[in-house]
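Paired with chain B in one complex and with chain C in the other, chain A is shared by the two complexes that follow.
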Partner chain A sequence: MQKSYLIKRILYAIFIFFVVMVLNFFIPRIGVDDPAERYYPPQGNMTDVEYDIIKQVTREQYGFDVSNLQQFLNYAKGLFQGDLGTSFRPGNPKVSDLIAERLPWTLVLSVTNLLISLFIGLMIGTIAAWRRGRWQDTLLLNMSTISTALPAFFLALILSFYFGFELELFPAYTNPNMVSGFDWSWEAVKVVMYNAALPIISMSIGGIIGYGQGTRNAVIAVTNEDFILTARAKGLSRNQVIFKHTLRNAMLPIVTSLGMSISGLIGGAVIIEQIFNWNGMGTLFLEANNTNDYPLMMGIMLFMSAFAIVANLVTELCYSLLDPRVTVGEKR
Partner chain B sequence: MKKKLYHLLKICGEGLKRFFRPIGSFIGKLWRHPKGRIGLIIVGLLILTAIFAPLIAPYDPYDVTERASKGLSPSWNHLLGTTITTGQDIFSMLIYGTRVSLIVGLVTGISIAFLGAIMGILAGYVGGLADTFIMRTVDIMLVIPTLPLTIVLTNLFGKSYFMIIFIFVLFGWTGLARVIRSLVLVLKNANYVKAAELAGASRWHIMIKHILPGVSHLLIMNTALTCAGIMIAEAGLSFLGLGDPTAISWGKMLADAQSGGALLFGHWWWIIAPGIGIFLSVFSFMRIGLVMEEILNPRMKQSSNIYKIFKTLNNNYLEEVFESMDESVILGDFAEKEEEIA
Partner chain C sequence: MNESELMLKLRNLKVIFPSGQGIIKAVEGINLDIEKGKCVALVGESGCGKSVTSLAIMRLLNSPPAIVKVDELKLDQEELKDYSDGKMQELRGRTLSMIFQDAMTALNPVMTIGKQIDEIYIRHNHLSKKEARAETIRALDLVGVPEAKSRANSFPHQLSGGLRQRVLIAMAFACMPKLIIADEPTTALDVTIQAQVLNVLSDMQKKHQVSLLLITHDLSVVANMADTIYVMYSGKIVEKADKRDLFLSPHHPYTEGLLGSVPKLSDTQHHFVQIPDSVPHPMFKPTGCYFHPRCRYKTKKCEERMPPLVKIDENCEVRCWHPLHIKGGGSQ
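Take a look at the complex of A and B:
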């Protein structure tokens, strides 16, 4: 990989982040002259005089009493110091603190889900490609049609009904305070995994089949290449060819879809989290939405976008490391 | 000026005629394909259900006054029982839910096809500044998390299906525009386009009359697949309560079932019914899209033995055969025109 390519990609990522930052700053200001009206919408029992006072206080508290440009500069300055703003919640906690508190909970779900989907999916996909046209392949094809047409949240409802309410194997609603002070002890991990079982299963069924189908198609596409025929003609066994030649070359499309899954790690489980009452970023966002907590909402949005930008950048760089054909001059 | 506008409108009309011409032959091809036929039949039934919902539904699904018949199990009077909270007839709700799902899916799918085609063709054919601007916009759109933004925007502008469609279209055209752009870059170098350029045709003329019909197959396929994806997304948003709070939709039915205690009291039919509705509509549109892909791209055919044998016998030969098949499909009825010009 050339250095100029690396620098170009990083500069481009910074540019995109800047644009997202500007959008993020202006979204709560769409349609109103005074952002204070967004932050505190008028209540029914409030007189105009009272509302004016409240608006005045809000303006001072959130720094709306200067020009728009100055506000944006202050916002950008705060961001570079790691300050995402303060929430409306009692005690006015920092948005970054709230995110730091909830982020691990979401990552428990999404990272476990990603790992399970990736490993089982790779295995199933390789088997299906290996037994192409047999019942294993047909089964995967039919399963993928069904699982794509069923939304994950519907699956989650069914699972929470059957395993949570009927069999009472796993909790259908998780307790937000399931562990007090997580300390990586075996007991604590066991409690978390017990609670996370149903959300993870309902998320990973689609993921497993998706990765399985992707792997199968990638492996079959590589199997049709000339060098596989050469390897077979050289007298290598079928297994050797599959594991040493085919899988390595089938990695490229899988890395692309992996990159897409990674950029969705934080924001991808909003509905599942809501169904199982899981205390993660998704529920934090919905809570913020229900209380009109704009600093918190926009903070989470910016954080998610920044995460997606970094994930895309890393995927692209990995891709160019894996595939030397991607060069500086190439346009996408 | 007036004359120019008239000329442009005429070109648009002819371009659209050419654009829609393949649809008829496509439906014929779909009907002859066994898998495609299933999809077409289900979509037809769903559309009929949506149109004639008031005639099919045995009860008024908006009627929340039937306090006497709350939480009934399925019987001949109430095919899928009634809701626990308000006593609405679940079967009637299921039928009325088809309307929201189909309208949101179809309107969004078609709008995305139009916007994606315009942006992709502009980026691919005009190139230069337009290309840079459109593709950079696409890059930015792909980074912004869609679901949180949808939640924020519905919070700002009110909850309605119009808003949901607007946001889906705003964020949905990006992927399509990329694909169309790369196809247009290929079409741009086709002989008939070059010939039209040399003959002095204007850019608009070429884009509407020559390029647009060339990408129409891809657009129709993509519309079917987008409809399927949008229906799932719409169900998710309705489930979160971001749709029109007064309309009945399958996602909202699921949310009502969850909050209304269907899980707790074991009323599984209240959850399964909207799930089957979502499944059938998404499945049928997906089927149509996938069958179209198979027709368009014969290389994707599953486990065809002849293909395998040819492949091993003479790799290059078959590659050429399929390459030519793809091109003739892409160029469609322009192959003859090309000969004509030559």
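Take a look at the complex of A and C:
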């Protein structure tokens, strides 16, 4: 890989991050809310004069007493020190602390979901391509029609109702003690797995079928390529042709969609988390939204954007490692 | 001819493709003999069944959809038609190999050319990776790839068209097979590069006494290399002759037309003798002689009955009711 290519991509990623940062900072400031009132809501036994003084003090405390540009510079400076701001919530906790508290719980769901979707999807996709036109292939095609028409949250509702309420096989709601009592013991891990089963299943069915269908199409496209015929003419066995020649080429489009999935890992699934009462990033974001907690929203948005930018950058670099033809500006 | 002198003896090869609209008869019972160490050319327009013939010999046609029937398919007196698929795999690349048309698409784009040749030695000669690479470098050297050692680490897109074609030739010759099938080996190349590549192919063939089945529509290629020529039209052999005889006195009107389509500098008075129209669609072949709609010598007989392949002299056979250039008669 060319060094200049690498540097170009990194600079571009930094530029995108800057744009996101600017938009993220200024858009909430279009609103007319006085942040001081949000940090320190008026109390009943307080005169207007007293409250004005308190508000002035609060503004100074949180840096709202200076111009917007100065605020932005301070904000940027804070970011580099890992400070995402302070939430409007009672007790005014740090946004970064709130995220750090919720992120692992979202990752439990999203990473497991991605791994399951990817591996099972790759497997059934390859089988379907291999058995093109037979029942395995037809089944996958029909499943993908159904799963397209059946959104994950709807599936979640059905699963929650049927397996949670009717059969009582899995918890329909997450037990709040799961989070507070978590101590890395095997018992606690088992509880998490038990509680996470339904959300993960409802998330991953669509993913499995999506990756399956994508893999199937990619593998079939590659199977029709001339170089597969060359590989067979060399006397390679069927497995050698599939694993050494077909899959490597078929991986390219899959890596692209994998990159997109990775950038969505930390956002959390808002609706699924709501249905199962799962305290992850999705729930946190919804709470921030419902209480107009701008600093928290800003923090989450920025964190998600940064993660997506990095994930895209890594994907792109991986892509150029996988496919030697993809290196922009390469010299022959 | 004594059978022990034959490298390939093919009797009554038929290939059909059933489709929704009807049956496509791609190859309709052709016989083909290749003497040891000789180069035989199979000539014809696109769509006349040349490539299908070669893939059928290699047993590389996907079945379904293709249905292949053959009475005799003997490679060096060894009957191949009863071979299991596994045994055939062993044979391909080792005793029977193939050079494909377009080297850009016939090489795996994400694998170095060295690795792609290594595979053959690892598969058939059971060499270690390191030993295989040494053989690969030698093979590349033989076909005139400069700096073979470093070129082996190149990806296909980093090489020129001529070099890529040489790589394919090196692949085909890797295990010094008994028979090589070259399917339009120079069609995708510039004329100057064509000549170089043909020289390499011809040198290698003569030096190593390999039999070669050259499939092409380009008579200038044939003129340089082939000993015997089979002319194919719409799935049938229409003429078989030694090179010299065929060029001097073609017996079949189609052969005459093919020869007439080659521009001659010395001949300033005549325009090209074009063959009007094109090869009939394999599903809607005409009655009688398949060539009659395009033939300027056609009679009523030609429209009604398919002529048999008749022996005219020792090395010459023709399928025509009114063969040309026959001493003491013919249609003229």
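In this text, the second predicted complex is superposed on the first by the 292 of 332 C-alpha atoms of A that agree within 3 Å, B and C clash if a C-alpha of one lies under 4 Å from a C-alpha of the other, contacts with A are read in each partner's own complex, and residues count from 1 in each chain.
Here is the rule we go by: contacts are C-beta pairs under 8 Å (C-beta built on N, C-alpha and C of every residue); 3 or more make two chains touch, one makes a residue touch a chain.
Predicted model, so just to flag it, every value in this text is computed and none were measured.
Of the two partner chains placed by the overlay, only chain B lies in contact with A:Ile300; chain C stays clear of it. Once the two complexes are laid over each other on the shared chain, residue contacts for A:Leu322 go to chain C alone; chain B is not touched. Of the two partner chains placed around the shared chain by superposition, chain B is the only one that A:Ile27 touches, whereas chain C remains out of contact. In the superposition on chain A, A:Ser237 makes contact with chain C only, not with chain B. Once the two complexes are laid over each other on the shared chain, residue contacts for A:Gln70 go to neither chain B nor chain C.
More residues of chain A lie in touch with B than with the remaining chain of the pair chain B and chain C.
In the superposed pair of complexes, A:Leu229 makes contact with chain B and with chain C alike. Once chain A of one complex is fitted onto chain A of the other, the partner contacts of A:Asn249 are limited to chain C, with no touch recorded for chain B.
Put simply, chain A uses residues 226, 229, 332 to touch chain B in one complex and chain C in the other. Residues of chain C that touch chain A in their complex: 55, 58, 60, 89-94, 97-98, 100, 102, 105-111, 119-120, 123-124, 155, 157-158, 168, 171. By the touch criterion given at the top, residues 135, 139-140, 142-145, 147-149, 151-153, 155-157, 228, 232, 235-236, 239-240, 254, 257-258, 262-264, 266, 268, 271-272, 275, 278-279, 282-283, 286-287, 290, 302-303, 311-312, 315 of chain B touch chain A in their complex. Listing the residues of chain A that touch chain C in their complex gives 225-227, 229-237, 240, 244-245, 248-249, 252, 322-325, 332. Residues 16, 19-20, 23, 27-28, 30-31, 38, 132-133, 137, 141, 145-146, 148-151, 153-154, 157-158, 160-161, 164-166, 172, 224, 226, 229, 263-264, 266-267, 270-271, 274-275, 285-286, 289, 292, 297-298, 300-301, 304-305, 308-309, 312, 332 of chain A touch chain B in their complex.
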